[in-house]
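I've put the structures underneath this note.
Below are two complexes that have chain A in common, paired first with chain B and then with chain C.
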Partner chain A sequence: MKSLVDTGALFPALVVGRLLLALTNASDVLKHNHQLSTPLTSYLNLQEGIYLFKNGIDPYSGGVFRQSPLFLALFTTVLPTSRIACSLIWTISDAIGAWALVQLWRARQRVAQTSRDGLIAAAYLLNPYLFLPTLALSTSTFENTLALLSLLFAARGHASPSLLAAAILLQLSLSSVVLLAPLVLLLASSPVSQLASPRAFSGNVKIIIPLLVEFLVYTSVLTLVSALVSGGWAWIPQTWGAILTLPDLTPNVGLWWYFFTEMFDHFRPFFLMVFSIHLLIYIAPVCIKFQYDYLYAAFILLGVLGTFKSYPTMADPGLFLSMIALFPEIYPYLRYPIVTTLLHLHAALLMPLFHHLWLNQGTGNANFFYASTLVFACANGAALTDCVWAGLRIAIGPPQEGFSVVQE
Partner chain B sequence: MPRKPRLVWLLCLPLLAASHSIPSETFEEELHVRALPDGKVASRFSFSVLLEGTSPRNPQNLSAEDESQHYTLFPLTLGQILREYAVTELHLTLNAGNWNYGRWGYPDEVDVGSGAELWAWMGEGGTATVDERWRGLRNALAGLFCASLGSLDELRTTSPALFAPSGGLPDWGMHNPHEIRHASLPSEHVCTENLTPFLKLLPCKSLSGIATLLNPHRLFDADWHGMGLHVSWLPEAGVQARLTFQSVTDPLRSSDKRDWSFASIFDRKIERRCPSATASHVVVSLPDNGAYSIQPPPPSIDRASNAAVFDLKKEPVEFDAPLDISMQWPNDEGFEYNLVPQTPLSVRRLLHGSSQDRGSLAVSISNSGNESVSVAYLETLPWIVQVYLHSMTFSINGVPRDDILRNFTYVPPIPHARAMELTLNLEIPARSTVLLKMDVTKAFLRYTEHPPDAQRGWDLPPAVLVPHGGKRMYTPTLLLDLATPDFSMPYNVIIFSCSLVAFIFGSVFNLLTRKFVVVKVESK
Partner chain C sequence: MLVSFVHLLLLFSWSWRTLASHEQLVGDFFSKSTSNHTNNWAVLVCSSRYWFNYRHMANALGMYRTVKRLGIPDSNIILMLADDAACNSRNKFPGSVYANPGRGLDLYGDNIEVDYRGYEVTVENFIRVLTGRMEPSVPRSKRLLTDANSNVFVYMTGHGGNEFLKFQDNEEISAFDIADAFEQMWQKKRYNEIFFMIDTCQANTMYTKFYSPNILATGSAKLDQNSYSYENDNDLGVHIIDRYTHYVLEYMERINKTSHQTMRDLFDSYDPVKISSDPGVRADLFRRPLDEVLITDFFGGVAQVEVQESTTPFSGADGPESVPAADTRPRVAATAFTTETGVQDESWRTMRTWGGVVLLGALVGWVGSRTV
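Right after this comes the complex of A and B.
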């Protein structure tokens, strides 16, 4: 193992392993799983949308297909739709994500190669929260890859590719708009770790407005392309609108579905608004507090998305957990990593079990699965708050005998 | 004295005008009884009232005052509904049980889908849209027939073009085409409370004529029963309202012989004729072979259809004795079942899968004839079950076939808003059974959308199979098992989720906003 890591052969070995895994029939079993794909990312719905599109029926005239028209454009022209080909495409997307994560690490450390590269690739490619959704052919895999690519380009200072990747990501998932602020600010500053030495924002403020304009241009162009592909604007309420109004209450690992299943009808619009705005509230404080390290701010906001977005899959918190590998400097300051790990273990075991008991076995009811998603949210929340704590605590320096660091 | 005759004429004018505006009406009733191959007895009552020379209301005149309605035989309550919502053609059926095509053949009245089914053709235009009038029509008929037709809401309404009008559609111009609205409610239970308002619409109620035989105690005890209301416009004649009642009773239930009589299947006899009826017939289909006897001896026999016809109008003014037609097979020792399929086509539909979140729909269509048949298969499902068309496969004896499906039309469902409508045009080869399979996914509903008995499941409306140029066939209904949330704890869920969100939000903001300080820990 040691020699594998040293020679840099670990990354290709992992990719080959993942490709072999993709060739098994696992996706036939996993593609129905509610924890690995939501109605907005499901492979079955994607196939249905492509089928309707090819047969001249507007897929957005009904409520089954809720993915971006960009997928329709790609899968009806360039990309193949057979199961094996799709498995390979999805795995390659994951490999690109892992490569981006490694490059992100190198950009942060400002070195060409480190001994941790293999470990970081493994943290992405072997994370079950990430590779199971990929095996289930959930399109959240592409969202993660695009998020990492836009962060990587931003860290390298390539503004246009970064903003383009973010604009495509926005097409796939409206919630990702949360990442825009740290991304633009990262382009205006540097990705190098500044957590231990906080200081005021030192980047170039003047380029922010042109960057935002550029992002708007990309988004408008992509929106127009989507409208051209789908032949109208019906896709907007079906894709972006669904993220805000939650028309499909299929269970997932998030907090929204059961809340709005049980919600009183006259309070529904109010709480939909509260839950959507709640996601936006974190942007400003996190960006102000971590103004010396916007990569870390983006990482924290990805954690917020993974916990609170409307249609999350396992892959959303999975990206946050894998990204922890980028920040080894905070490890000594984590307060309760074991508790977080155990919570995740608990939730990851209970969720599939209770889901099966409720829907297949009939021996449990909806509360069982709801309770396990609450535990999962606790686990994500614990990881999030611990990372916020550690990212701030590191500035005070290592703990010393007889002294304790607290908040006022 | 030349003025007097003129005055008399003037006095007569309003009378003449009135006699012009009141259409003449005819009421005809008919009972058709036939023995079925499996020993059961099918009876079909048909009461039709014709408003001669009238035409349906043009929806463009909806805002104007309608002409006054004076009816003597036509039911006023029904007439008011038809005029109020400008309905051109209307079909309402309330059925209970599954019509067994294999054993009973085609029914006399084709609309035999289980539960309530309502479809109407209405013209576009005027102040109210077709959908608004459709909503009004549903609620009005719900009140008229004491049926829960109000539940036939937008979630169940579709517009299948397969339901062609049986009468004519007036031409009101290109911009005002006719549209169909169709909805069915398979969970509707049909019983006495629906029959009583039905009888009230008849000129003679159930007091005289063949309607005397409509005895609720026996009708609702039948193996299959269904009532219907069919309003259509016959361009040469006028607006016709036809009320029908079909039932299938089983004489073999109480004895081992298939003999029947009015007294045995209805527990009533016809004691007097309905004076309003211009025609009143009882038609009994006669067996093609075998020894049988029919009492009283039929006054006339229709050779073409091999049926005995009793014309109640030609009977003596007062019946000597109540009319009790009966039929016996004196040589029968006991009835022998003859279970040869009665229709060349048969269709079965099943929902597979034990999971509450997905399953697969399997439809098998058999053609026992010697020629291939082109059929249209119509599936109208509420949005709570969504089909995956990309998983649709056709096979014959397990061999996949791609030449079965000619083309299809599909209106996808919209969650919480619109039902799905799928029409498949198929070619069924001779002497073969085609198996159609597709995956379905079951929706998760808001807790307020579940019915009070949520664990029972949802009845799915019957699918309809229409052979090219043939009669509609209905499949049995399906029961869909949906996952339910816990109905007892909306407050708990709101409190738990909100607490967790508030806790994480609070923790993060605490960390972000409060100052870090180093304190000296007193060591003891």
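Right after this comes the complex of A and C.
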């Protein structure tokens, strides 16, 4: 129990620092930023939806509110809606996420405490890809926290909390269904690092079906609760449907919006299907290949999600990058970490610049910003492929004199 | 069965009565004045070009400014000008058009919207504008998009004669053409009432051939009479406005959007001595008496508005808590948010949200207790 709260001095200091940062009015400026929040995660839309709901208008009857009815329920009853209170809530959510990451690290190492805990917490709390969306009050913070909590509970072997967190995460974001498979398989196996010694899946196969059934039960209960709160089923096409049909083409850091602005209507259903199935096709290969280390498979699939999601914010690839801290065994085998870092620096500096040039100043056009999001996707893809390579390469062993590793 | 039939009958009669009372309410609203137009349009045509016809440009621009000032937006004004006065190389004050000798008011400015300029001001385009028979490619700003409730003010100025008006020095439109165009508009329900004003030599002959209903016409000079210009400006070197239009505009300067001055007052203000010609009025086709026709019925974009007390739930900035207790009932019964069921809906909604939160908390608690 002591290990649950004892995280060294760095973690509380970082949390206090983040809380102080939350008390500033940075959110007033950042909440409008398109890179930090999307129509599905924006705080402004959340406020609008809550106001409409409080005044008896169905917030799902127009295209303004695309978040889960659970938010409506929580923010109109128990949670406060003032700016400072919301900033604190979001920062506390980030703190919980950082705590979950540290506990995940400890579970993977199978120790109660390490000297590196503070660094892991810092990797989450100081990552600008993560703290800027939190300051912007984007609900992707909650998605990250729930993802980390569900992975943590799975690593500890607690099935029900893990599946409940995953079910709540599914209510917030339909794309997270991609994480279901590695999560269930992680529950059936162990989180301990097996990357260096690949073997066939050796977990408990029999509990997979009961776990899936439990997940479905939680999901249906939460869906019914959402329908109760929202007074109908109109929220489904507006929230989950929005992820599949992309009705809102507001620019974001993802790859979908530009593609679909120039798409002829005739081809739209086809390409929506292609893009959605593209997310799903990574599940099976990654889970099969990393069947000895499902935490790593979940990590890779989080990276896939961060790069190819329909409405990503910076927080989605940010989670992937912070989670690299959990796998120091792959660091010697990363082939081009400096290139990836520079690509990320390049993209992270140019994206806001080109966005401003296009939409505020009017001297650029959409192609500037889209090019910078392509660089961002390149950076994410580079990180992803490098991590996949390193995860596989570690199994071959350290480099030896006179031998070279070649991919056939 | 009988009971339900009676209920149905009651419901039917109630709805019929409320529908009838709606008609009554709407009818009352529109019968506040004798005019039943809902929108205003203006077609202002200056049919001359070249520097020495500066005054015709100023005539049309003066009317344009008046009409805009009194509320007709640019989207409802078709302005046809040769537009070669302001940027003419002989204009000592480039980019401006003045209508009074002291050059006090620049009519050209930087905020005018000329829809047909230069060589586009032709008889064909004018008739196409009136009748609406255009190529599909003609943009909206060049179309007269009137309907059966539109009051249209048509003003023409230039060089004219007995039943004709000269367009751009190479063609002419006759009184018959305009009369036929107006009849086409009447057949196609493109106007409610037309007010036709023309300032040329022998102007009154131009409206003698009208035969469609609801047209009120006035002109600056009668048959065999010239219309004269007002004054010369010594620096510009040309006459800058015509007498008739000058005195009409002078009268209009005293009108604003809320004036109740009528057409009778305008026509009574005509002074043939000052104007140096005999202006005329033709009102036989017009169904309303002239002392009931407001000037703003044609010159302004005044619409009938009735301001109600707020009856929607959004009346307060803070939400439902600040809805005033003395909430006035909606004037017309068929509004979407009636206050009776609003309270019921709100309590049901609160129950739903709390129910959802409680269920969510119960689920989390149950899962938590199972684990620990």
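Just so we're on the same page, the second predicted complex is superposed on the first by the 401 of 408 C-alpha atoms of A that agree within 3 Å, B and C clash if a C-alpha of one lies under 4 Å from a C-alpha of the other, contacts with A are read in each partner's own complex, and residues count from 1 in each chain.
In this section, a residue touches a chain if its C-beta (ideal position, glycine included) is under 8 Å from a C-beta of that chain, and two chains touch if they have at least 3 such contacts.
Everything numeric in this text was worked out from a predicted model, so none of it was measured.
Q: Which term applies to chain B and chain C once both are placed on chain A by superposition, clash or fit?
A: clash
Q: Just chain B (first), just chain C (second), both, or neither: which does A:70 touch?
A: second
Q: State whether A:13 touches chain B only (first), chain C only (second), both chains, or neither.
A: neither
Q: Tell me the contact category for A:177 with respect to chain B and chain C: first, second, both or neither.
A: In the superposition, A:177 contacts neither chain B nor chain C.
Q: More chain A residues touched by chain B or by chain C?
A: Touching more of chain A: B.
Q: With the two complexes superposed on chain A, say which partner A:51 touches: chain B (first), chain C (second), both, or neither.
A: Both: A:51 reaches chain B and chain C.
Q: Using the touch definition from the top, say if A:208 reaches chain B (first), chain C (second), both or neither.
A: Neither partner.
Q: If we overlay the two complexes on their shared chain A, which of chain B and chain C does A:334 touch? Say first, second, both or neither.
A: Neither partner.
Q: Which positions of chain A sit in both the chain B and the chain C interface?
A: 51, 55
Q: If you look only at chain B, which of its residues touch chain A in the complex?
A: Touching chain A: residues 354-358, 383, 386, 388-390, 408, 410-417, 420, 439, 441, 443-448, 483-486, 489-490, 493-494, 496-497, 500-501, 503-505, 507-521, 523 of chain B.
Q: Touching chain A in the complex: which residues of chain C?
A: Counting only chain C, the residues touching chain A are 313-314, 319-320, 337, 342, 345-346, 349, 352-357, 359-360, 363-364, 367-368, 370-371.
Q: Enumerate the contact residues on chain A facing chain B in the complex.
A: For this pair, the touching residues of chain A are 32, 34, 44, 47-48, 50-52, 55, 57, 59, 61-64, 247-251, 255, 257-265, 275, 278, 281-282, 285-286, 289, 304, 307-308, 358-360, 362, 365-367, 370, 374, 377-378, 381, 384-385, 388-389, 392-393, 395-396, 402-408.
Q: Which stretch or stretches of chain A touch chain C in the complex?
A: Touching chain C from chain A are residues 51, 53-56, 69-70, 72-74, 76-78, 158, 160-161, 164, 218, 221-222, 225-226, 228-229, 231.
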